[in-house]
Amino acid sequence: MTPASIMTFNILSILPILILSGFGMIVLFVDIFSSRRWREKNLLAYVSLLGVILAAIFARSSTGTTLFSFNETFTIDNYSLFFNFIFLLSTGLTILISHSYIRREEINHGEYYALILFSTIGMMLMAAGADLLNIYIGLEVMSVSIYILTGFKRSKLISNEASLKYFLLGAFATGFLLYGISLIYGSTGTINLKQVAGFIASKGGISDPVLLMGMGLIIVGLGFKVASVPFHTWVPDVYEGAPTAITAFMSVGPKAAGFAAFLRIFMTAFGSTHGEWQKIISILAILTMTTGNVIAIAQTNIKRMLAYSSIAHAGYLLIALVAANNIGVPGTLFYLLAYTFMNIGAFAIVIVLSRKGDECIQINDYAGLGFKHPFLAIAMTLFMLSMAGVPPMAGFVGKFYIFSAAIKSGYIGLAIIGVINSVISVYYYLRITVIMYMKEPAREFTPLTISPLIVAAIVISMVGTLHLGIFPSKVMEIAQQATLILK
Amino acid sequence: MITITHYLVLSAILFTVGVTGVLIRRNAIIIFMCIELMLNAVNLSFVACAHYLNSMQGQLFVFFTMTVAAAEAAVGLAIIVAVFRNKETVNIDDINIMKW
Amino acid sequence: MPILSLITFLPVIGVFFILSMDSRRGELIRITTLLVSIVVFVLSLPLYFNFDPRGHEMQFVEKLPWIPSFGIHYHVGIDGISLFLILLTTFITPIAILASWHITKHLKEYMIAMLVLETGMIGVFISLDLFLFYVFWELMLIPMYLLIGIWGGPRRIYAAIKFFIYTMSGSVFMLLAIIALYFLNHRATGEYTFNLLEFYRLELSFAVQFWLFLAFAFAFAIKVPMFPFHTWLPDAHVEAPTAGSVILAGVLLKMGTYGFVRFCLPLFPAASHVFIPVVSWMAIVGIIYGALVSMVQDDLKKLVAYSSVSHLGFVMLGIFAFNIQGIEGGITQMINHGLSTGALFLVVGMLYERRHTRMIADFGGLTKRMPVFATLFLIVTLSSIGLPGLNGFVGEFLILLGAFKSRILYASIATSGIILAAVYMLWMFQRVMFHEIIHEENKTLKDINKREFAILLPLVLIIFWIGIYPNSFLRKMDASVNHLLKQAGGEVQTASHLQTQNVPVTPQIDIVSETETAW
Amino acid sequence: MLNLVSLILLFPLIGSAINGLAGKRLRKETVGYLACGAVGLSFFVSILVFCGLLLLPPEERLFEKRLFSWIESGSFRSLAALQVDPLSTLMILTVSGVGFLIHIYSIGYMHHDKGYHRYFCYLNLFTFSMLLLVLSNNFLLMFIGWEAVGLCSYLLIGFWFEKKSASDAAKKAFVVNRIGDFGFALGIMLIFLNFHSIDFTEIFSAASHGNFETGNFAITMITLLLFMGATGKSAQIPLYTWLPDAMEGPTPVSALIHAATMVTAGVYMIARCNVLYTLSPFTMTVVASIGAATALFAASIGLVQNDIKRVLAYSTISQLGYMFLACGVGAFTAGVFHLMTHAFFKALLFLGSGSVIHALSGEQDMRKMGGLKSHIPTTYKTFLIGTIAIAGIPPFAGFFSKDEILLEALIRGNFIYWSIGAIAALLTAFYMFRLLFITFHGESRVDHHVMEHIHESPKNMTLPLTTLAGLSFAGGFVGIPGASAINHFLSPVFGGHGHAEISGAETAEHHGAGLPYLMMVISTAIAIAGIFLAYQMYVKKPGLPKRLAERFRFIHKLLLNKYYVDEIYDAVFVNQIKKISTQILWKGVDVRVIDGSVNGIARLVGGIGNIFRLLQTGYIRNYAFYIVIGCIFIVVLAVFGR
């Protein structure tokens, strides 16, 4: 037994995670010792924001290099850095929009920010995980912190119900994921993705049913996280119940992490046996898109509508996963980034307009907004049209990217269904603009208190959506480099 | 002689029991216990495969799943208590305000 | 000097000016918008003057890389076909803005929507990069949708959503076809690009051409609108504000026919030939159906909307005649329809401003009260009927001649359209303008004022100009149309003064032999 | 001298432009003189052109003046170019001459009408378009004149637009003309298809050089389609219903447009394309038979009409029938000659009836007239000359031209044509004199207060009447059989087909030398018989018409209601189309089928949404169940799905 040598690891690789966890701790301590006055000034928000920015700076410094540490269980490469950037962006924006929200809803506790930072750590772990263990741990760290955040409004029953549902179903789905991992471990003898790929290559394709079953169960576990159709039922209730800021965070962060893990596993581990899982995922994609779009039409609550729209977007992303060629994977990355800007922007406006106690979240409450608050209305129209996939916005370029991938690898049928779905989605996204601009205000608008931070978040999202829509080439190149590693 | 398939079959059975438990029972705590049962079934299969493959990774994995299960238990029960305090019941059939 | 980009993006610069103005000063906003649109029109005139009619290549071409990783360039240029459509756009927009002087509700947003619309329209006509074309094609939807939706009539929301989704459902299939072309071109030439001129050189098998043609044609048929896909037009027209329907009829409908000429015919010649009977029959039904239905309308705007269906049926018939008379007639008729139907909508708008009703029954005997208006209205009606000596006739006759040369049966049925046109237009004109005044309100109507006269006069002058001396338009098209016919395998004939000899190009359209006429 | 021809067109155009744009501000006199001056000048220039043409030797009497190239697309070329040859000079002389007289007459007639300048602007515009029609050198330019003339008749018929009947009549005229133009347009296209050009000279030279054998299908189709256009414009059998209603317009308009010039455009077009028509005997029989049928049919309706202008309208239709009969049998010269003489006396009759109506301050119903002989003597005298001329009593103009046609009909055509023509001539003579006796003779049925201010028309109205009377008297001498000047003048255009002399020679050996003279005697006898009958009925025994009407009540009612043709047209075509397009096309297809399906799809998707929405039951157990179902599905697919 050779002495257990401490695995050499490069500090740089996990620096962002260390920073975030450090700042998480700091926030908790500051919260304990801070007087009431500090809490009013909301010092914690700025501290956590500082943490996020620092982590981003350090993450940026190590682009271009590919580091394996912790005995090849943890890789830092362009792929995980791109996702880190998405996670940090969504966390930063969430902190900006939740700053005034949690004060208004009287849930202004320090743990809120700490939990957000911890869940970001979980996401980073998932994205950087080179073996199933790391991915599992990252998944759990993220999910547990978000279970708590969903139930943060303890006084409100719907928040509790949401967190209970999310917890029970989340744990249930993770059970399947674990069982899948164990089967893969059983049949291939390893949980490292590269070694699994090696094993499959040596065997010349998957013949062992246990391995296939394992792969299926992994699809189930990650499918839940990514909200693909048969496993999507938690999304509308949890998104509606959770505090809106957390809903925004949940609709972007975990979904991106889910796709990061999905791509990582299915491109490196099962990359060679594309035929096996391609049929399953395309069925999932079709079901997800159609259900998401079709039910969204029938919604009257804006949060539930945005929940179904996020399911629909998961459907489009699954198309890219099915295509899995050198356009599809960077397409997914680009689409996720665009999706982050669009979604968080939209939720920010929902927060601003939903007044105290979240009572104005019916779609009809947006009547006449167009000319009462022109800035908010224009922002919302921009986000809605971008999600609908109307050009000069980022949504269009993302969808264009994904449909090109689908057509390139010959899935014409899938592309056609995707295109029909985006036409259906135009109806309910357009309905928002109709109600805002073309309907007279139902009742008198009470004056809105808009904090500068949330305006900053909206502006960042608008700029992001337009920039990615009009000048997407730079981000596309970064995404393409990121995926070279995967092969 | 007990081979690996016996263990795997046992863990599959345990897993199915866990899953049916989640589907049938109404009490949130019981459901959570069934989920724990599923996780332990997975631990069993991990250990069996590790022993059979003569590699330590499986054993290592079990440690992590146990710690995670513990963390999950803490958070889950806290959530169930919060629900109970608010609605005086833990029966999940009463918890369906949000639908459609 | 990048004149095309200047014309396209000047309105957007104008938008930033208007954004800075405070919305209470309505007059200032109106004048600045008008000035911006007039400047754009003036800038577009040099396009006409130093356009070299002999060359069929694209002129005023500008090409800048936009998304290099995908091979997408900001590639713009015009030729004989798109030249006049741009001039039509820049010419009609100031008139439309002048016609929306009375708008008071949210004026600033209205003017911004108009200018963004102009950018979108010009962009569609000049872009040679299919991706850029698609972006402008969709971009132009949003302002039009807002124009109909916010400033429209009672059923505006239904009309606006129907308009948006109808067009969008067509154009998404076009997007797939564009992507398919993109990859086919990569497989053939190995380099990634969306450049239309490269796509022209692409040799596609018939099956592929068939499906791609179908996708493109579906998007353009909705826009034209051709017979079965036209039901959005009457709703959109009836509900849109005057300026909105002027631009909708004047320019937006031409994008469908322009699409056929620019994309469907040259890119998929074999498939286009197979589709001649289908499209021609749809066009003919469109002509007859549009005329008959507009005959029995009681709402002025609906009547004019259905008449557009009929007129554009003619244009489609001309385009699918696959000879120089047909296509040149089609293009001229696009311009004529833009002018005469645009003028008709302006006239209906003026009546609406005075009486706030569009029902024909509410009018009657207006000639006595509004003689100048009556004369201008008569000239515009006659131009839309296609009276020789005015612009409508030039286009219509060339189209029918072209259709006659390709298939006599189509042309003879379509020619009955000119009778129906006379019937519904004159019946409408008679019920609105003649007979004695029954309704009290009509007795106190004022004749058109200076502004309204300034709106109608340029249109009437151009109607006469095209009617009397159409050569100034036709000569600019010859080279490009002949090039198009060479690409699309039509019957190529150089104009007589550069007449060499009649070059029939295979596949041979059954040109009627000297004596025997295929009936 | 010949290239002054573009001036002929320019003057009326300028006149109408000035009157149209600045008419309101000018005084009435200036407007009137400007309009008459314009037409007068163009008449003067056409005389110059006529003399210029006479100087040329008969063979090269063809002058072409090219203005600019109008439409050019590929091999299709239509130049804006004018063509002067004997036929067109004859036409421009008639049009501008009669037009000039009618302009002068209108000054008086329309004096107290408020739309004075608008009237003269339209009248000048009409003269311009008619001259353009006759002077053009290619079919498309002629088509411009053709439709512009239709437009002006629309404007002028509907001049008093307050009257619903007037604007309805105007619309009807334009639409029916348009139906004719439908055939004309198709004809032009077929010509271009077969000749690759639409210039008269090129087409006729190609046709006459024999690369088309007679009876060729394409030529027959072309000529039939062109004839369809002619029937629309010159109000022949199927498309004549608009002319009687066109009487709603002011009387000088009816005189100019619906008697002298526009309606003859059809005849001119057939005369112009005589080369094509002689190449297709089938069309010739069609033209002749429709002409004869129309002549008889219209004459029969004219017998019982009570409105003075309606009688004249039906007589115009029947005289046009004659012209078509002439062209149909190949006697183009006779047709054109009758066209000219008809222009003179029909214009005279219309203007006469106009001054009668003017005198009776707007009364048109003959039953309220009578005994006006003494009150408006000059009108009576000129009207009498006109009636005699139209009846065909020698030496008046009508006799020569009508007899010529009857003779040609007998020689070239067959006996049936001649007999129909003769009966029609009898009826014409009868109803014209019936009109004369009812209005001018017998006791006065004019009610008293109209009687007070009955007055003879002013100088500027009677002057044209007298000139036209002179013309309708002397007009005939141009075409005396034997030394017919007009024949000689027109022969180069008609290339010897319509040459009376030759036909004279042929008849000599077929039917004996005396035939032409015999025919003259017979037609004069017919005319006199007609007059005698009318005299008996309306002067000798005034009660007779009423008794006859009772005995043949059915026929009388049938004729009075114009064979119910209008009602049939409405029932069969107009109302049906309206009903179909409302019920089936608009409400049915558009609203129900297409919109129904579009909205249906939208509702369907919404419905599915609502159903799927119910999957979201809110119970955690159901959600867990879906997850398990999904898991089983995926695992099964993964393991066995390959």
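A, B, C and D label the chains in the order they appear, each numbered from 1.
Basically, a contact is a pair of C-beta atoms (placed from the backbone, for glycine too) under 8 Å apart; a residue touches a chain by one contact, two chains touch by 3 or more.
As the structure is a computational prediction, the values presented were derived from the model and not from experiment.
Trainee: Using the mean of all protein Cα atoms as the middle point, what chain has its own Cα mean nearest that point?
Mentor: Looking at where each chain's C-alpha mean falls, the closest to the middle is C.
Trainee: Based on the averaged CA atom positions, which chain is farthest from chain A?
Mentor: The chain lying farthest from chain A is D.
Trainee: Measure off the straight-line distance from the CA centroid of chain B to the CA centroid of chain D, and report it in whole Å.
Mentor: About 99 Å, centre to centre.
Trainee: Based only on mean CA positions, could you tell me how far chain B sits from chain C in angstrom?
Mentor: Chain centres of chain B and chain C, defined by C-alpha means, are spaced 66 Å apart.
Trainee: If you average the CA atoms of chain A and of chain C, how far apart do the two points sit, in angstrom?
Mentor: 44
Trainee: Taking each chain's centre as its mean C-alpha position, how far apart are chain A and chain D in Å?
Mentor: About 80 Å separates the centre of chain A from that of chain D.
Trainee: Going through chain B residue by residue, note those that touch at least 2 other chains and give them in order.
Mentor: Where chain B meets two or more other chains at a single residue, that happens at 19, 22, 31, 92, 95-99.
Trainee: Which residue numbers or ranges of chain D touch two or more of the other chains?
Mentor: 613, 616, 618, 620, 624 - these are the residues of chain D that touch more than one other chain.
Trainee: Give me the residues of chain A that touch two or more other chains.
Mentor: 164-165, 168, 172, 236-237, 427
Trainee: Show me, using the given definition of touch, all chain pairs that touch one another.
Mentor: Listed by label, chains in contact pair as A-B, A-C, A-D, B-D, C-D.
Trainee: Show which residues of chain D lie in contact with chain A when the two form their complex.
Mentor: 602, 605-606, 608-610, 612-613, 615-616, 618, 620, 622-624, 626-627, 629-631, 633-635, 637-639, 641-642
Trainee: Which bits of chain D are touching chain B when the two form their complex?
Mentor: Residue positions touching the partner: 613-614, 616-621, 624-625, 628.
Trainee: Which bits of chain C are touching chain A when the two form their complex?
Mentor: 66-70, 106, 109, 131, 134-136, 138-139, 141-142, 145-146, 149-150, 156-157, 160-161, 164-165, 168-169, 172-173, 175-176, 179-180, 182-183
Trainee: In their complex, what parts of chain B are in touch with chain D?
Mentor: Of all residues in chain B, those touching chain D are 19, 22-23, 26, 31, 92-93, 95-100.
Trainee: Spell out the part of chain C that touches chain D in their complex, as residue ranges.
Mentor: Those in contact with chain D are residues 162, 166, 228, 230-231, 234, 289, 292-293, 295-297, 323-325, 328-329, 365, 367-368, 375, 382, 387-389, 393-394, 397-398, 400-401, 404-405, 408, 411-412, 415-416, 418-419, 422-423, 426-427, 430, 433-436, 468-471, 474-475, 478, 493-497, 499, 502, 512, 514-517.
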